[in-house]
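Dropping the structure in here first, questions after.
Chains here go by letter, A, B and C, matching the order in which they are written, and residues are numbered from 1 within each.
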Amino acid sequence: MSRAIEIRNVSAAYGSNEVLRRVSLDVERGEFLVIIGPSGCGKTTLLKLINGLVLPAAGEVLVEGERLSACSLTDLRRRIGYAVQGAKLFPHMTVQDNICYVPCLDKKLSKEERRAMAERMLAMVDLPKELAGRFPRQLSGGQKQRVGIARAMAASPDILLMDEPFGAVDEITRRTLQGELSDLQEKTGITIVFITHDIEEAFKLGSRILIMKDGMIWQEGCREELLEKPRDAFVKQLLCGT
Amino acid sequence: MKNTNRIKKGIAVLALAGMVCGLGACGEKETIKIASKPMTEQYILTEMLAQLIEDGTDYEVEITKGVGGGTTNIHPALLKGEFDLYPEYTRSAWLNVLKKEEMEKDDDKLYEELLAEYDALGLTWTGLYGFSNTYGLAVRQDTAEQYGLSTYSELAAASGELVFGGNPDYIELETGYPRLCEAYGMQFKDTVQMEIALKYEALKNEEVDVINAFTTDAQLAANNLVLLADDRVFFETYDAGTVVRKDALEKYPELRGILEKMNGLITETEMQQMNYEVEVNGREDKDVAREFLENKGLLGH
Amino acid sequence: MQIIQILWERRVFFVTCLLEHIRISLTAVVCAGVLGILLGVFISGHKKLAGAVLGVVNVIYTIPSISLLGFLIPFTGIGNKTAIIALTVYGLLPIVRNTYTGLTNVDAGILEVAEGLGSDGRQMMFRIRFPLALPVIISGFRNMVVMIIAMGGIASFIGAGGLGAAIYRGITTYNMTLTAAGSVLIALLALLSDWLLARAQKMVNRRYGIEQGD
């Protein structure tokens, strides 16, 4: 069975700015990979390689064994969940329609089916089903974030990409969401690639942690490995949360 | 989702309705199309033509009253077939349509040549109504008294202190304003161009002192203006008549007979009176036209 | 008031003019709307052309309407057809410009998420971009409709129908009341349309209620 994600020797740039330098990474199915690093280190770009929002200038990206350069990105993306900071819900659609967005992209769902799906997903992210008919502007930050996750999960993807999804949320809600996400991952065995700038969060969630710096993977490993053998002062500082 | 669908449907219906209506507006029906210049006299004349046609035949009639630009825009449209007929003045046609540079002084010779040249264009004149609407020069009562004006020559003498206002057709044509000034030695202090309808206001408001007027203008009597005499009998008359497409006459065989009913029908005084009724007494052009025709026993047999 | 009196006395005339004004305006609105939106969508996808297209439409907009009408006459004759063409041309600018602005100013973050979730080109346009651009587009629509209704008054000068006929007739028969009555009706028509579209706009805005920088 192929790995969930393989990134082979990829370099990527924004204009003349080299953002990723010959990065290689393997992600196994069911892993909870957390990427952490200072801003500008390329972590978001790395994430976007996986669903093709960024294309490599050199190297290859494979998802579930398929080469991104050789397959339909649109189809691929529908199998990958994507949640970002601030949720970025579609303001002109109800919560229900936001959640059902991806499944409705390639098939037509009846009103009943949509209602049921929304209800199920809202329950999964611990939100009351009454929210289904509301609009994003009527939700709190935490609620929006959860709906964002529900939207990312609605089509039952095998892989979930999350870019600082708990960044814009208060401490208490964040803790709760972290717990729920962990449970979710355990229950469904979904592969998650998760970006954060908070080392505590990384420790709490990740089965493996990737530390990035200047467009390269600086060090990787599980929590214990990193704490025992930090590569340099930079990593040490990062691990201490300074 | 449901609301947007309904809105989309609403827009589609509206769009369809709009296009249908729009196309309908451009649709063609078997009607005789009459054009008129933007002046009261022409509104009345075209009403008369329309009423005679509708009364005496089964034909449908449609009048476009007030085509801006007058002959300049009506004539090309007539040639294209967008109109079938309209009232025109002989010497206007001579100058604006045939673009002659020299004025023909003999009325009969003029008409003959007019018919001949129009024939080549596929048009013809069915006759003249019996009145002339000539260019005159009008001044305010007080101006006339101040400078002792009653003729063009006297005006010429005082012209250096007066401002002239005229409609573009008149001022631009060699045979209009320039000829006037040359013939009489007029040298006005300033010359202003404006639409036919605005001249009287400008004269009243003393923005201009002299205007070219039409001899059947109702506004002359209404505003107590003085029409000066063309003492050297320099300017010719502009007889009014109907210009019609030859193929319209063929298509509507009864048309010629009807149009000829207008020949020699109206005197200058009668036209001026009718203009007065509409402009000063505020009556509708179609009522004034109807009344005139009924009095002449031409309607409702 | 004299205006009310003349409106009543010549009501048949005014009703005819009004209906024709509505017909001419509506046709121009629909044509300009459809063409404008298509053009706006097109240049939003081809940004290099946007400058040129917007420039051209802008220039046309500055041509006085009488000039444009006069220019069209030798080609399309006088009457309703020419009027509709001229009005459509003028109606293009607000629509093209607003469609372009609306489509290109959609929150980039939202667009990226929509793309990342797997929307294809058509879905991006019809489910995300266009609906989110709608408030701006409708605003342009509102401007366009009012402008076309008001401008339609001039069309009568070249033999088209509409309320301008009352205005022009009044001028040429020295009947100021007639002119005033025609003007009043045009103004009322414009106000009514604006009001209706404002309601529509409010409805759309309320639904989309986009907060800036979300």
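Note that a residue touches a chain if its C-beta (ideal position, glycine included) is under 8 Å from a C-beta of that chain, and two chains touch if they have at least 3 such contacts.
Just so it is clear, the model here is predicted, and its values are computed rather than measured.
Relative to the centroid of every protein C-alpha atom shown, the closest chain centre, again from C-alpha atoms, is found for C. Distance between Cα centroids is largest for the pairing of subunit B with A.
Work out the mean CA point of subunit B and of subunit C, and you get 34 Å between them.
Rounded to a whole number, the gap between the C-alpha centres of subunit A and subunit C is 46 angstrom. Taking each chain's centre as the average of its CA atoms, subunit A and subunit B sit 79 Å apart.
Multi-chain contact residues of subunit C (touching two or more other chains) are listed as 131, 207.
Across the interface of their complex, subunit C is touched by residues 3-4, 14-15, 17-19, 21-22, 24-26, 35, 38-40, 43, 64-69, 73-74, 76-77, 80, 82, 195-198, 200, 218-219, 222, 278-280, 282, 284-285 of subunit B. Of all the residues in subunit A, the ones that touch subunit C in their complex are 48, 51, 53, 74-80, 82, 84, 86, 88, 90-92, 101-102, 105, 135-137, 151-152, 161. For subunit C in complex with subunit B, the residues that touch the partner chain are 10, 20, 23-24, 26-31, 33-34, 70, 73-74, 77-81, 84, 131, 156-159, 161, 165, 168-169, 171-175, 177, 207. Within the complex formed with subunit A, the subunit C residues making contact are 107, 109-110, 112-120, 123, 128, 131-132, 207-211, 214.
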